[in-house]
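Chain naming follows the written order as A, B, C and D, and within any one chain the residues start at number 1.
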């Protein structure tokens, strides 16, 4: 089967700097709109699950609600606590914000819409996602607030614990695809999405992904009923909005990775454009995440850790070994 | 209300040195099966007996009778879980007197005593943490005293 | 950069202090906990209360018996009906007023409805403390039904002043009774939903089982009462131990569990709602026609010198009015023995050596009403 | 504008007030010439429709506040259902319950922690003037939230019904949209 030559944005624009500018602006705009939409969606979905209506008054079906929220947050006073560690405190929101832009630029939304097609794309995505922990810890430490620090420490422990099964699950897929290029992985799934080949890896990946994004039932770093708002307790206005933005964008990235690795990316059973399939799958996974959040209570910290170390990591290792074994034997 | 238990209590409590009086409390009218009076130094021993016999401290409060009799009356109510058996124990104190704490015996007395101390200024000897309970720590009055905060005194 | 002593201690494994509340999403109002922690483990805990102190007891000494009536339902706003009626019953006892049969039955129905609504609210907020948000909205939906029913006869949603010395203010109609019956039916179907959503959940069980154990001895020495006590295996319910009103006429069980942990308290409260439903059903079946107030209600009265202690089972445990009369129309002293006060005092011991997350779960499970603690 | 006007002003004795006053005067005098009307209007509309209350209940009214956020009344319809537990992220403080003298300093601190622009709703009799707990010579409560901080909307009731709270929030929205704040 001949693979079509990917049309990248470089071919369209030519100039590298122009490409950079347009792409950054494009991703920013897309992510912002996407986050606003996701927040609105979450509020609507949760409301429907709870016999409520959710936002209705601001704009048609409350669609303008999140825009109002954003405008308000932009116009709020920015408070820096007097005893905060100022450089770290100010840097944290940016550090959580910027890697997301980089990570999103790597995804193949369809076979022709690829910004960068790198042969180490998967590793880069995880590397960028890993920066989130640093930003969270900086936020918690810099705020000089005990709740924030507790949240940050929980977050670090949790992310380290769950990154391992996350990687191991992804590794099993790369063994099948024989590539780390995100595009390559999707192309390898043209016939059969890997979720059918690696169901266990998908489950492990999704659970770890929930933990990575601090979503319920793993929302321990910002456990509202315990730690006020966790690591971003002291952040107000736009800085808080950036954490909020990061949370939803991370959710989006985790689901994009899941779609790429397990659900066959832009491929679909019948003829819809590639990006449509891609986003349908991503939003499906996001809806699943929301469903989890509004259904489950929260785990306790030690339970969370023992779940990662005692169940998920051994399972993921076992899965990896099994994959390797089968592939060797079958090959 | 079991007779044996009262006999037992009478034996242990009714001793001259612990209780001054021990009467039927007229349950139908007052809600107390038994009502007794003791001197202020007897309370730890009495509380211990009640604890050993399976009672819990249901309530401890104070009545300001300074105007009539120049005394504070502490009212302890003991009760038990297996049947209704509420005993009231009155201890009359002169305003300057302190009373021994029972917070080490019945731990619920800890807060009750702090509250009485806060509201009436009655001191409990041996209480480990007799600071303000409900009011701000710098409060300098005892609000449930009869001569405090009367409407007619308002400016 | 200022030295961050506490923060550094957190990392070095030393102990540090954490101040929870009075503004904290799960302090159920305005409780403040001073915690000494090592990492996330609590070494010591000191509740600081009084942030909702409203001087009910002082107010009682400033106004006559009738004027104190509205205060009673504001002491414990979730069990307001029960507090309100208990005060009436205490005064009736002192004045030896006979209450008409129908009024007694109405009192039982509204009290038990009130108890269910309080437990439903507890159910929701407990899950909220554990991080589960949706059950809160479901129970509030059911609770709204009760409030509708009570609103119909009392004209109030929360702070009822429905009791009068000798009876109740308004008679109930057939509509009220059929609404109550319909509500019980609806609640029972919803119970199975709650069980599906919450009880069987692995995370929920992991957060609740074996956490915050109150032993029977501990319960006794701290004077813990109500569902918290019954979850420790002691079947002490004032409605059975010392039946007031007409509770001796109803057939119901005292729900108990033996474990004494969060889960036991959860199960006891769920069972109690079912028992309350049974009581309401029996009361609706047997309610007689007749007056709701005595022929000659006492409008102005003085209570002869004397005292009275009257205890009822509030949703949170043993609630007692200790009323001392001096012969005038103004009480000499009203002491409110409130269950949350004693239940909370036991937390000093229960919370020691737990995790921060458990603290929230345990506090949620004992069902605190802070104005009731602080009075 | 000159200092002459201020010289006659009795408030000169209170320097803080004078400063605020002169700033206000400056704003008022500049208003006809300098205006970000469109932007102000837009932001005010955004603010009005995104009132995140602080999760802070004091007493009985807190239950009705919760009820207002729950399914039947659903404050989220008006964008006001996002209860934020951290004061740094809240826009409006709903005083729901009696303000005891012990909690008063805490409330003041919380209010100071909230970023501007911020608003306050006094819900229930207690926060209006002490409500049922007010009597001559009382010792326990602060008689009204406005003794502590400027209040924008008062909602009477004991406790107010959730509908009343919703109405209060709508009133606050009107007020914000009109660009009025902290009227004397």
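In this text, a residue touches a chain if its C-beta (ideal position, glycine included) is under 8 Å from a C-beta of that chain, and two chains touch if they have at least 3 such contacts.
Just so you know, these numbers come straight off a predicted model, no measurement behind them.
A.B. asks: Chains shared as neighbours by chain B and chain C?
C.D. replies: Expected: D.
A.B. asks: Starting at chain A, what is the smallest number of hops through touching chains needed to reach chain B?
C.D. replies: The fewest touching-chain steps linking chain A to chain B number 2.
A.B. asks: Tell me which has more C-beta contacts between its two chains, A-D or B-D.
C.D. replies: By the number of C-beta pairs in contact, the winner is A-D.
A.B. asks: Can you compute the centre-to-centre distance for chain A and chain D, using the mean CA position of each chain? Integer Å is fine.
C.D. replies: The answer is 37 Å.
A.B. asks: Which whole number of Å gives the spacing of the CA centres of chain A and chain C?
C.D. replies: 43
A.B. asks: Could you put a whole-Å number on the gap between the CA centroids of chain C and chain D?
C.D. replies: Centre-to-centre distance between chain C and chain D: 32 Å.
A.B. asks: Where in chain A do residues touch two or more of the other chains?
C.D. replies: 50-52, 224, 228
A.B. asks: Identify all positions of chain D at which a residue touches two or more other chains, and write them in rising order.
C.D. replies: In chain D, the residues touching two or more other chains are 70-71, 85, 102, 135, 138-140.
A.B. asks: Counting only residues that touch at least two other chains, what does the list for chain C look like?
C.D. replies: Expected reply: 24-25, 50, 53, 55, 58, 62, 137-138, 141, 374.
A.B. asks: Quick one: do these chains touch in a line, a ring, a star, all-to-all (complete), or other?
C.D. replies: Its topology fits none of the listed shapes; call it other.
A.B. asks: For this structure, enumerate the chain pairs that meet the touch criterion.
C.D. replies: Listed by label, chains in contact pair as A-C, A-D, B-C, B-D, C-D.
A.B. asks: Inside the complex, what are the residues of chain B that reach chain D?
C.D. replies: For chain B paired with chain D, touching residues are 134-136, 141, 143, 148-151, 153-154.
A.B. asks: Contact residues on chain B for chain C in the complex?
C.D. replies: 29-32, 51, 54, 56-59, 61, 63-64, 75, 77, 81-84, 86, 88, 106-108, 110-111, 119, 132-136, 143-144, 146, 149-151
A.B. asks: Would you mind writing out the residues of chain C in touch with chain B in their complex?
C.D. replies: 49-50, 53, 55, 57-58, 61-62, 93, 220-223, 229, 234, 236, 241-242, 306-311, 318, 320, 322, 324, 332-333, 335, 337, 341-342, 345-346, 349, 374-375
A.B. asks: Flag every residue of chain D that touches chain B in the complex, lowest number first.
C.D. replies: Interface residues on chain D, with respect to chain B: 101-102, 135-140.
A.B. asks: For a test of understanding, state which residues of chain A touch chain D in their complex under the given definition.
C.D. replies: 43, 47, 50-58, 62, 64-65, 67-72, 75-79, 224, 228-229, 232-237, 240
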